[in-house]
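Chain naming follows the written order as A, B, C and D, and within any one chain the residues start at number 1.
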Amino acid sequence: MQPLHGRQVAGHRVVAALLPTVFSQAPAALRAHIVRHQPRLVICVGQAGGRSAISLERIAINIDDARIADNAGRQPIDSPVVPGGPAAHFSTLPIKAMRAALLDAGITAEVSQTAGTFVCNHVFYALMHALATEPAFASTRGGFIHVPWLPQQGNPSMPLADLARGLRLALQVALTTDTDIRQAAGQLS
Amino acid sequence: MQPLHGRQVAGHRVVAALLPTVFSQAPAALRAHIVRHQPRLVICVGQAGGRSAISLERIAINIDDARIADNAGRQPIDSPVVPGGPAAHFSTLPIKAMRAALLDAGITAEVSQTAGTFVCNHVFYALMHALATEPAFASTRGGFIHVPWLPQQGNPSMPLADLARGLRLALQVALTTDTDIRQAAGQLS
Amino acid sequence: MQPLHGRQVAGHRVVAALLPTVFSQAPAALRAHIVRHQPRLVICVGQAGGRSAISLERIAINIDDARIADNAGRQPIDSPVVPGGPAAHFSTLPIKAMRAALLDAGITAEVSQTAGTFVCNHVFYALMHALATEPAFASTRGGFIHVPWLPQQGNPSMPLADLARGLRLALQVALTTDTDIRQAAGQLS
Amino acid sequence: MQPLHGRQVAGHRVVAALLPTVFSQAPAALRAHIVRHQPRLVICVGQAGGRSAISLERIAINIDDARIADNAGRQPIDSPVVPGGPAAHFSTLPIKAMRAALLDAGITAEVSQTAGTFVCNHVFYALMHALATEPAFASTRGGFIHVPWLPQQGNPSMPLADLARGLRLALQVALTTDTDIRQAAGQLS
């Protein structure tokens, strides 16, 4: 997201911020940004080695299950992101419309059914839980996008210019399209 | 499961039944079997081409999103399995203990974070929703296992003898081990 | 290659031509182009679904083994491309230098050890065999590049603009760099 | 192969031996075994992480290109296995008949077009080059089989019992079937 920081997209200003890859710190850091900027839209972005497309995550699940330690040396196994929280939260982004726009623009994109069980999913769940449960965030939509490696990092990968163009387009669609997750209305209302 | 039908495992008799690959029929067919047999444990099994391990599914999500039609010609897109149901239900099987036992027995096994969005996930969600919400099923545990192709069907695959041995062992562990999904207690109680 | 047709690269004019996906016709069609244009360099390009990088093929092997029929309905099984020809020919392109240049330019690239056993490898072998055995082609270098799907065709894929940029850069490096396949000298001299 | 050491297969005694994963030592070690035992058949076996089937290698290529160092700390890049040797040698095993027999026995098997460019391919090429060029080995057939990880090592994998059964069957077919690589006759005669 860094290349988009400060840019205007669909009448909104993009604020990009880096979160620590630390289970115990990332949600609070994200929350501080949300409280400060009062965004219309929150899209978290993480890198997923092995994926070859911009992955629009559909659902965050209430579990941490780390195969490696985070940057603070912690490795939670089968513990909830939010004790007592629901098993999962759906993204409230229009992921199908985003995928269609990306493909139309010649950028590989897919809807993904799992954001994993590491810090990415942890942040995603914490975000969606806050948006779903705190009245102050009632009009904020959110979601998560996984991106491939850069070409220098390995294969499969996606060039940085395509990533930046893809994320910009994803933001634009998310800001101008109603959610297409039909069940979201039923479940969140 | 067919090779295990009628067999005794950990003091219980295995009943194997085939469900139709039809969104609108599979849950009711499964429910009829549960009502008739009052099982201690319900494990649904489906085949997942492209997977190379016995996949112990962690979570069922409340969405149908079919890329192809089911056997009745229906292809639901982004519709809920159970309107108004929670976004997801966790398996109540001891999936980590099952994985460990399978690996110890020399059978490739993994925990999977997605059962997809086709009939398999539909059945899995319907099962877990019924077990979680209907008092008659309060003491029944359930989950879903995806298995690879057979060698004759393509690659990756798993020989039938290993599949049968693996499913038998999975049943045995599930019948003799408490669930290790720590958050399950918190969420379902 | 079509987007590069007629363009100048490193002082040479690009001629792009489409070959039929037919075992019995493609080599002769390629040969006619080579005889007419007397190229400095011949790079054949084919699409390989499932690959996520621009694949610089290292070696063509003397076998046809088709899992599906070609566009003329022929499906050779375990028959040689050139009866009596050597088991394989190495590409005479500087594939390592090409890979490095592509990665530096932010385009995913890899050296591949197999061009398969379908029409792509058939054309590749026929090309390299002609270049290696016919004195008229003694100063012509050649090779094969597999490219991913376009984003509209499936995942993994590569945007058309990156493909065109990557192929142009590959041509440029091939025209301005000596081969880096060290054994080539030993084997072809 | 260790589980098959000393066993009788199709009237022949199996000798299993471990080669060092060292470019400079493995061919000589293999050659010493061949000279001592005068085998009817030589099948080298290596493990290939990431493969999910017993892979019957079709062709050995005359190149070493190591991404990591061997067990002696050497990492050859783009150097020939045998300077001045042909670009490749085909396996002289009946790989299609072996694949069919394995699949019939319920064991995942495939024909592979590349044995890589590390020590496995190095040994394979050195073996086939010796068999093709030394009169003393004129009646010996040879080839290479890559096997998946064991389940304890990772996914994809194959249980040890299936591996042993598969290799035994592969030996049996190779000892009782004429080669089905049609071009082999043309090229080796």
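By definition in this document, contacts are C-beta pairs under 8 Å (C-beta built on N, C-alpha and C of every residue); 3 or more make two chains touch, one makes a residue touch a chain.
Given the structure is predicted, the values throughout are model-derived calculations rather than measurements.
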| item | value |
| --- | --- |
| Chain whose mean Cα position lies farthest from chain D | A |
| Centroid distance [mean C-alpha coordinates] between chain C and chain A, Å | 40 |
| Mean-CA-position distance for chain B and chain A (Å) | 28 |
| Residues within chain C bordering two or more other chains | none |
| Touch-based graph of the chains, sorted into line, ring, star, complete or other | ring |
| Residue ranges of chain B in contact with chain D within the complex | 52-53, 102-103, 106-110, 150-152, 155-162 |
| Footprint of chain A on chain B - complex, ascending | 58-59, 61-63, 65, 78-80, 83-90, 96, 111, 113-114, 116-117, 180-183, 186-187 |
